[in-house]
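What follows is a pair of complexes built around subunit A, which joins subunit B in one and subunit C in the other.
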Partner chain A sequence: MRRALRENITNLLLLLPGAGFITLFFLLPLLSTILTSVGLISFTGPGSLTWAHYAEFQKGFYLHAFLFSLWIGLGSSLGSLLIALPLCLVIRERFPGREIISSLLKIPLVIPALIATYMLMTVIAPHGLFNLLLMKLNIIAEPLKLIQDPWGIGILLVQMWKNIPFQAVIILAVMENINQEIIDAARNLGAGAWAVISRIIIPLSMPGILVAVILVFIRAFGGFEIPLLIGPVYPTTIPVLMYRRAMVDGNWGLASALATVIIVTSIIVVALYRRLAEKIG
Partner chain B sequence: MGKIKLTWFWRQLNFRRFFAWLFVSLLLISVVVPLVVIVLWSLIDPEVGWQFPDLYPRALSLHFWKRLFAIGEVPRAMALSFTIAPVVTALAGLLSLPTAYALARREFRGKGLIEIMILLPIIIPGVTVGISLGAIFTRLGLSQTIIGIVLAHLLVVMPYMIRTVTASFKAIPQDVIDAAYNLGASPLQVAREILIPLVMPGLSAGGVFAFIYSLEEFVLTFIIATPTYQTIPTLLFSYLGYYFSRPLASAMSLLILAPTIIVLLLAEKFIKTEYLSAGFGKL
Partner chain C sequence: MAKVVLQNIHKTFGRVPVINNCSLECRDGEFLTLLGPSGCGKTTLLRTIAGFISPDKGDIYFDDRRVNDVPPNQRDTAMVFQSYALFPHMTVWDNVAFGPRMKRMPRRKIAERVEWALELVGLRGLEDRYPRMLSGGQQQRVALARALVMEPKVLLLDEPLSNLDAKLREKMRLEIKKLQQKLGITTIYVTHDQTEALAISDRIAILNQGSVLQVGRPEEVYRQPNCKFVADFIGLANFIRGKVTAVDERGYCILATPIGTLKVNAPPGKVKPGMKLLAYVRPEDITLLSDRPGTDCALENRFTARIAFQTYLGNMMDYHLDINGNTLRCQKNNGIKYGANETVDIYLPPERCGVVM
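Moving on to the complex of A and B:
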């Protein structure tokens, strides 16, 4: 009995620095945000339960923002996957320069969102290098509107630029754990390269692929710096809307409600992932 | 004749390899070109500029780099960013060690819950807690303080550090620890001589994340520390808005990029990918 108690206390003490820190500085503000959204905490005076902030969402405006955020999330996530997956398949092979190329391709991973957006804006802006080249090669006559456009193409491009290496690293880690014997066995049974890829490598990499897609969706859905700089003024994403409501309007309640939408969406997505992951086993 | 050319062209191996190389080259170009463009923009000659139809600036000069360092805020922001990053890294390492040990090698009720909670900062975007955190910090008197910035950065960084160090701890074979105890080592000795050295890979990988993420952290720092303290990202943000100057913004960007890219390349060389991936890895 005393041994168990001592064990528990030791465990608690061990967990305190790391987990305790996160509890204090993340969980608490998280709960605080949710409570603020229903008025129980208020920045401007005593609070009382109210759904007024959520009632604001009836304005079509907010639905557009939500749909736009979903679009950005899915578009970034699946778009990056479209390129990251083939990239993993290529990088798996040994070829000269593999190390250097692999390291160079990881560079976007460490470039802050703000700077990445700024850099890419400079290149894909109407007067930037990209449009310039296309016009010089006579592929287009007028510059393409790639920034601040209503479909968020600019946002998608920056998100993809940053997230392709991110997904590739995750997926590759899982791919490299695939037992080589399975692949060899398949080859021995006469499977061609494409069959090996589609029947063995991709299915066995599914856990990694799922994680990659989920993580990028959440980051893109809840991303703030990128849409702020390169996104259209309307429609805009929920994080940017949140920022405007909080910093410009001073409407903390509404901003918290928007934040709660992001929180709930993220949690739902991860929960879905866990269900899916269990099914795949 | 035509048939032979056709079969040669469609021969599996060359066809696939060509597209693979094309694919990789395009990706490399998309990574390198924006960097080169920014470098060029930081080096333009103020007299000549970089006018629209030119593919590259006609003349280069160090003018804007000199001006960058002449602005008082820049060396201050650099000093702050590069002081905070190592401090955050060290603290993250220290704080995560006990927790990672518990998660990796001890059983207890609610372990799953704790693991989820540690994941939360990774799966829930930081902007959502930014405002509340700012309010809490203000109430605690931590707003507009360096300690506040350090705590905010720690928050962003801890989940990754805990994950990589936990992965490291898990990899230590129990036999080694048992052998040590059998030979009469005390827990402290075991910790010092065996656990810490064997956990270095996880600490290093986590340290790389910590350093890089601390340098680049923007949202929380912006909410908590502006305008009293500026880190390089928050300073850059102000230069992207009101005082926008492409050459200056470019030079400032490079101030952050150069060290982080160097840290990345060094990490690539010396740290095993398993640990870097564990930081991102499976949920």
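Moving on to the complex of A and C:
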């Protein structure tokens, strides 16, 4: 009995720093954001319950921002996957030079988004190397507008530059764990290269692929610095709007309502992921 | 069904030769076992037959067709892997149906084949389970059904029983043997377990360090091993160093050994006086004369030994006999009869003693 009690107390003490940190710096800010968004907390004076901030969202302006953020989130995560997945399938095979490609691939992981954005801006700017090259090759006559374009192509390019390696690292970790004998068994049973990929490797890598897609979606959906630097002025993403409402207009209530939208969207996406993950076992 | 012929196969991984000039034939409908210690190249050889590894030199034939350049998915072999390699994301049914689907069989035919295969291994009723929901023995059966459903030319089994417990292993090996006989399918089986090899095979090929040492029926390789390694690897053997003093025309020779003069079976023509040889005798072949009073006549190959150590094994006694500092092991199914350090007379029947070079 006394020993069990002592163990319980020890466990509680060990739990305290972690649990305390999460409560103080994670749950409390989350709560305060939500309370601010409905007016119960205010920086400027006593608060009272109001839905006024959310009512603002009736303006098409905000709907566009939401859709644009969604587009950036989906475009970044699926666009990266389109390149990361074939890349993983190639790197999975043992071939000479594999190590080099694998190391080169990891470089973007250690470069901050801000620097990556500037780097890419110089390349894809109207008179950057990319446009110059296309014009020299007579593929285009006028430079392509890849920066601050209404479809956010510039944002997607930077997001993909950052996130292809990120997704590849996650997916490869799962892929490399697939027992080689399972792949041999499939080949032995008559599966050609494509059948091995589509029926064995991809289904077995699904947990990793899902996580990679979800994480990049959430990062791109809530990303701030890249759309600010390289995105169009209109439409813009919710995080950029948040910044303008809070820092330019001083309207923290509205900014908090926008933040709540991001949080709720992320939670919905994660919930969807859990449903899917359960389904594929 | 097909005959499998391997001709002068060589394979090197990096700088390590794994298979060194292996030639082997598995007859149509035969159960051939590749037996050897780990690292002897037996699995590499099997994977070469399946097509996962291409040999550096040498040819592989299925019947008269050279298959060196045929990819594994077109070789018509079916392999059962040591880890079973079941597809974890598919049900038992889908696992077994995978091969027929890859062959683009019509739907009705697939259902028929899968049912047949599951029936064969006694797994009806578990079609909708996933591999993780099955016991080791059941997973083994799924792997077997998944291979048999293909009606392969050659069935390849890579240590399929090594992950099962001893009792189940014995049961499954009998079932595999029965299935193979029933279907008459050419089968190549890899194991490091000599008991398993003796029990299950039509013929056994013993491999060591990438080379085939001997191929023969179980009784042949047990009774007439052609080298020390085979004699030692299959069953237990007592080895006695000796020098040939005389050879007789009936296939016996006389050896001078540390335990005394020993008369042994010797391949006629191969043994000449003056040669140094290794005589061997199996533990169960040593007669304890004190067990049978009355047969105590004058005999050659008769020695006096001290029981240095004895172990009760249930179905038999395991004696460590000491003759002038040389140890012989002897196994008898006669219960505890002697005390430690007791002296016994033993007889090594010459027809049961052999020599290896």
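Throughout what follows, the second predicted complex is superposed on the first by the 272 of 281 C-alpha atoms of A that agree within 3 Å, B and C clash if a C-alpha of one lies under 4 Å from a C-alpha of the other, contacts with A are read in each partner's own complex, and residues count from 1 in each chain.
Assume contacts are C-beta pairs under 8 Å (C-beta built on N, C-alpha and C of every residue); 3 or more make two chains touch, one makes a residue touch a chain.
Predicted, not measured: the structure shown is a model, and the values here were computed from it.
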- So, after the overlay on subunit A, do subunit B and subunit C clash or fit? They fit
- Message: Per the contact definition in the header, classify A:Ala271: touching subunit B only (first), subunit C only (second), both, or neither.
- Response: neither
- Query: Of the partners subunit B and subunit C, which touch A:Pro86 in the superposed model: first, second, both, neither?
  - Reply: first
- Message: In the overlaid three-chain picture, which partner chain does A:Pro203 touch, first (subunit B) or second (subunit C), both, or neither?
- Response: second
- Query: Now for A:Ile9: first (subunit B), second (subunit C), both, or neither, which partner does it touch?
  - Reply: neither
- Touching A:Leu67, do we find subunit B (first), subunit C (second), both, or neither? neither
- Task: Mind telling me which of the two, subunit B or subunit C, contacts the most residues of subunit A?
- Result: B
- Report, please, how wide the angle is at the C-alpha centre of subunit A between subunit B and subunit C, in steps of 10 degrees. 80
- Message: How many Å separate the nearest C-alpha atoms of subunit B and subunit C in the overlaid structures?
- Response: 12
- Item | Residues on subunit A engaged by subunit B in the complex (per definition of touch) | 7-8, 11, 13-19, 21-23, 25-30, 32-33, 36, 43, 83, 86-87, 90, 99, 101-115, 118-120, 122-123, 127-129, 132-133, 136, 161, 164, 166, 169-170, 172-174, 193, 207-208, 211, 214-215, 218-219, 221-225, 229, 239, 242-243, 246, 252, 255-256, 259-260, 262-263, 266-267, 270, 273-274
- Note on the structure: Residue set of subunit A touching subunit C in the complex reads 179, 181-182, 184-192, 195, 199-200, 203-204, 280-281
- Once bound in the complex, which stretches of subunit C touch subunit A? 47, 50, 52, 71-75, 77-79, 81-83, 85-89, 98-99, 102-103, 130, 146, 150
- Item | Contact set on subunit B toward subunit A in their complex | 16, 20, 23-24, 27-28, 30-35, 37-38, 41, 52-53, 55, 94-103, 106, 108, 114, 117-118, 120-125, 127-129, 131-133, 135-136, 151-152, 154-155, 158-159, 162, 212, 215-216, 218-219, 233, 236-237, 240, 246, 249-250, 253, 256-257, 260-261, 263-265, 268, 273-274, 276-277, 280-283
